[in-house]
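Below you'll find the structures, each written out as structure tokens.
Each of the next two complexes has chain A plus one more chain, namely chain B in the first and chain C in the second.
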Partner chain A sequence: MHLLKHLRQLNGLQGLRQAIRQVSSAPTKPSALQYERDPQPLFTDAETQRLLQSMTQLNLDRVYRKRTVPDNSSETKFMTNEQLDSEFQDMVVRAQHMLQMPPIVEIKKDVQRVIAKDPALKDFASTKYVFTDITFGRRQSERKVFVRETDGTLEYANLDTIKRMNQLYFPLEGRQSYIPRMFALEELLSKCLTEHKYEFILDRLLVQYEPHEPEFHNISARVFEHLNESKQFDLLRSTRHFGPMAFFYAWHRCIDDLLYDMIRRDYLHNAVELIALSYKVHQIPVEYEATLTELDKLHPTPSQKALAELRSVFRRPEDQQGIEQEINTAIGKTEQDFAADEISLKFIEQYIASEHSLKKVQLELAVQTLKEVNREKLLLFQGLKKAHGVQAS
Partner chain B sequence: MLPIARGIYGGLVNITRNSRGALHTASAFRCKAETSTADAESPEADGEDNSSSSAPDPKDRSKVIPVETSMRYLKSAAYKQTYGEDFVWTQYRRNHKGMYAPRKTRKTCIRQNRISTGNPCPICRDEYLVLDYRNTELLEQFISPHSGDVLSYSKTGLCQKTHLRLMVAVQQARDSGYLTYDVPFREYDYSEYYGQEQKQKA
Partner chain C sequence: MNQNLIGRLFGQVWRANILNCGQNSFISKQTNALNKLCLRNTSFFNKLPAEDIWRGVTAVSNAGKKRGRGKGSGKKVAKDLNKGQTIGLGKSSRIWPGLNSPVIRGNELIHQKKLEENIDIENGIMKFRDSMGTFRLMKLNPIDRGWSGSKMPGRSIGPPDTVGEEEFISFDTRVLENKIVFIMKGNMGRKRRYSVLSVTGNGKGLAGFATVKAAEVRTALRKSKNRAGQKLINISLCENRTIFHDFRTDFGKTQIYCFQKPDGYGLVCHRAIQTICKIIGIRDLYAKIEGSTNLQHIVKAFFIGLMSQRSYENIANETNINIVQQQKTRNGYTEVKGIPSYNSTLKHINQVVDYMHFTLGNKIVLKQKNILPFFVCTKGHELHQIKAERFRNQSNVRLHKLVNSYV
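What follows is the complex of A and B.
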């Protein structure tokens, strides 16, 4: 009886193990949305990069948020204005570096490349031999790794082995030699997603996987899809993942939710850029470059904007433009912004009217609301200007 | 019934193995039998007392409390009344002779499923605080908001065994995504991924 019971227990365990194995393959199973052709040329295009960077925005508070790392000491210094200004410039450059987008490349296929077959070496050893070139300073992708199989074949190692050897000899900080449970088990990943830990998942994904691995594509696609449903796009704004996310939506023709979010938050120039990006990706013959150049003239780039915000500490209260500045800050917009809004609204309405938009009613409503708010703001702006005797241009 | 039998069997084996310490093993045997009954009972009925003769022993730690109960406890009014807004370790003070506390805390507070000390550590003294990777609310109390590390036992006063369990639970929680942490920044060398022609462009 005992034996029987033991057997049954063992069987039960095996069933459990199988279940775990089935579950564990779930997050890495191919998602519905995949890049069907190589997205790299489009992604690395200079114009696309500019659009994505502009959409990401640059919020210094968010980029330099307090991190819980072992050493996060701060330093206090006395500086002259010139030194402070150069420090500000450095800070913006460093922030741009922190927003470096992870590359989007095709999934790399594993090909077996045999160098030599030596049947004489068969059963020379009971294990495989892996040879790795560990020359200092060589790039990871250029590192040569070979495997001598037990049947005497000498061949190039597969991608998995190369990654493991690289991690063994030149460890990347934060990467595990095993698959983290978070990525291995379906329920843990979906739990993280429902708790909106998007940035954490994506950060961890970057460290754990290479951009050309299928797991990288599948999990990031899953995160973006979930994000598109929960509509918490603001969680990724001004992080390095916003660009790839926007690109993903543009590629898979589902920009409408993101567009709605941008309109609602009054980031109209970003909305125009997103539409332009989707036109560019799908090669839709709509003229968007003229609108973009016009907007670029009126809008500073994110880095310029951040720098201007930092430099506002130099401004003196008794300056000439004091009152005009005050009006601008009270309204939250300048005259240029109003002009830019008009151009971008025209462009967005054109998009909504076209057949490319899927959620027309929602977008139209958002645009209408924004228009009304803008009109009120404009009236207030003009009224304030008149009351303070600032010359209207 | 089966666990009791197994417990008795184990005890017998012990006795036969080292017949010299017969008295000692006998007492241990009784203890073991008790724990096994408690283990058998706990999944079925919580209300039933295993020591039916007298009032429950406050130092007894043989009963296994499930994590779900602990998680509910941390949200309950009873917890609030006990600890208030503080962490579970804030009000704890170590007992020691002289001015300075020994460098290390005691090895363990619980021996043979009983509290063996008068001043057990903050986790051991409250049996409803269960260290587990799912119990994030408890784990977060032991993580420094500045460095993200697990706080030292010299600060929290945990016994060595519990501290080790805490470290394991925190690692598991981070691995499973229950606790978030700041992942190290990964810098990409684009030329590695985009090939030669891109390098010339940039």
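What follows is the complex of A and C.
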């Protein structure tokens, strides 16, 4: 009797689960902003990648921040200078690897491909039969899965079935067979968004879905839209999601908020790159390559900058150029930076003046404030140099 | 009486019959049982009366008393409400056949019956309880308890008393040892005193300890607390929570190996070291004691070890090599802790030194082999292992299934 009761309860639960699954389409409903053509060739283009990487920046403290791990032990070691230097280089390489951007590709369409129709096999069984090639070492994308329908049709399995079979035989760690609750229930996802847990959502999204799935596109678009409203872009800086985010804004012509954030934080170099990216995506006939090459000469790449910062531990206080270094650190800028700022400001103002920018007043104000601050800094810089008798080059 | 004995004897025989279900005849077994009965049961147990036996267990001989044995027996205890009460006699006096009266008297079966009230018994019990004295067991708040029960070691006795205008704010003192010691005096003979070892500190790296003897426990506690306050030592803490590096330290036959541990590890060490760490402000530490666990020696060795710690910078200068730390929580981020100040003079270091060996002074903790349980090499255990092998991962799989099917 009791057993029966339990069974009935279980059935009731199952019904509830199914109900949830039906409702589940809420967070994954198609967003307004979608890639209307295949963005992959443009995204994987070498120049785009370089721009996105530069915009992402490389803050090692952010990349190697504290995370919750089962074993939180630490190891103290002796290292010679050579070992330490190679360790630094290795760290930067590892950080770059960790910042590898997830690709932006087109949504894959499900196409029915029938291999054979055998009406003689109709009703041979009450269920479908799925055949999976479980050869070891084959890629998930090239694994063959077929389905024999109950009406005798033999066909290629649809994408959903292929993913399920792959997960069944070669499970990926962290990926669930069912939709995780945070992607299934609208209130959970919106709670995550209001708490600004953008990186967490995007990381989980990457684990659960493939980049060519519609859910991946819809949820990531939703996150980026929410980010554009909350303007917490700094939360994604130095993570692997900053590049796709910038690309998303550039593609959908809404870079102005991000641009404003970059100017306000004095990342003028990045602002120029963002504008160049949007020119490139929409094929606007403005010459940006010359400015970029000029800036590249003055600016080190993010990895070079990170490495230099790491290597600064080797610097001795009694080294030469000590005074110049001190002035640079006190002001926060070097002579090259001032030169680069001038070039980038010119380019940005040109963009603001054009018809492509949407929030002109706001951007202009930000540029003006920055200019004033820069001028003061430059005066102080020159004054300090003169006082210490450092030759102006 | 005789009947009773025979009945018991047959009972024995009947039980033996069941147990040895064998080929022997009934009669032979009976004789066997008789023989066994005669041989058994000759000890003090059936020679002495119950009173003597109980005294032997609970009391101490005169000679023993002189040597201070059996302190537990004569102790004051809280009122024992069971004393003076008899089963079957209660507030309402009744006859319970089989309990406080025989079931059959002559040929008559006795029934349950109520008797007239008897207040004397009740009054007698109350009077007896009053005569027991008003001693109460001291109730200790669980937070104030020491290492064991209401004993002093491990308990807090407050900050040291103020000296002049010097106040010991935010200090706390804990007793580590409280014992009786004897010395021989010319005219008084064996004289006993109380010896108290306590440690005081402010939880921020300032701590001191002292051993003091006095004729009374209270005096000893107070004196030791105040003297510990006079002997403060400054101990610098790494990140305000742990030691700077692993170290090995000894005092007498006691050796202590201490290990620096990450945040949240806790204190995994001897209880005395735990108490000292809490007083000093160390939160994460692993310590292993080798050799003697004499408490005074442990305390001294640990303090010597703490005082002889060196900073990262010092070690780097001494060895002329950089010191780095790699944390697993930060995905192996290499944090530079110490860099030698005169790097250029000595460029090449021939021998590569292991940091832990260096800090432990080239000693390692003795790894003792675990003693296997007695059943490991038995046939039954082998069989069990074979049977249990295919279920060895079952609980994990079940859990995983539950997690995965959770919608």
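In the analysis below, the second predicted complex is superposed on the first by the 367 of 393 C-alpha atoms of A that agree within 3 Å, B and C clash if a C-alpha of one lies under 4 Å from a C-alpha of the other, contacts with A are read in each partner's own complex, and residues count from 1 in each chain.
We take it that contacts are C-beta pairs under 8 Å (C-beta built on N, C-alpha and C of every residue); 3 or more make two chains touch, one makes a residue touch a chain.
Just so we're clear, the structure is a prediction, and the values are computed from it rather than from any experiment.
Once both complexes are superposed on chain A, the partners chain B and chain C fit side by side without clashing. With both structures placed on the common chain, the touch criterion links A:Arg204 to chain B but leaves chain C unconnected. Once the two complexes are laid over each other on the shared chain, residue contacts for A:Pro103 go to chain B alone; chain C is not touched.
Contacts of A:Phe131 after superposition on the shared chain: neither chain B nor chain C is touched. With chain A as the common frame, chain A serves as the apex of an angle whose CA-centre rays point to chain B and chain C; its value is 30 degrees, to a multiple of 10. In the overlay built on the shared chain, the residue A:Gln40 is in contact with chain B alone; chain C does not reach it. When the two complexes are overlaid on their common chain A, residue A:Arg67 makes contact with chain B and with chain C alike.
Legend: residue contacts after superposition of the two complexes on their common chain; A:Tyr169 is shown touching neither chain B nor chain C. Contact with chain C, but none with chain B, is seen for A:Phe78 once the two complexes are overlaid on the shared chain. In the superposition on chain A, A:Leu189 makes contact with chain B only, not with chain C.
Closest contact between chain B and chain C, by C-alpha atoms in the overlaid model: 7 Å. With the contact threshold set out at the top, residues 67-69, 71-72, 98, 176, 181 of chain A are in contact with chain B in one structure and with chain C in the other. Of all residues in chain A, those touching chain C in their complex are 17, 20-21, 60, 64-69, 71-81, 84, 87-88, 91, 94, 98, 176-179, 181, 184, 313-314, 316.
Taken together, the chain C residues at the contact with chain A in this complex read 245, 260-264, 319, 321-334, 336-337, 339, 343, 349, 352-356, 358, 404-407. Within the complex, the chain B residues that touch chain A are 144-149, 172, 175-177, 180-190, 192-194, 198, 201.
Residues 40, 44, 46, 67-72, 97-98, 100, 102-103, 105, 139-141, 172-174, 176, 180-182, 185, 188-189, 191-192, 197, 200-201, 203-204, 206-207, 211-212 of chain A are the ones touching chain B in the complex.
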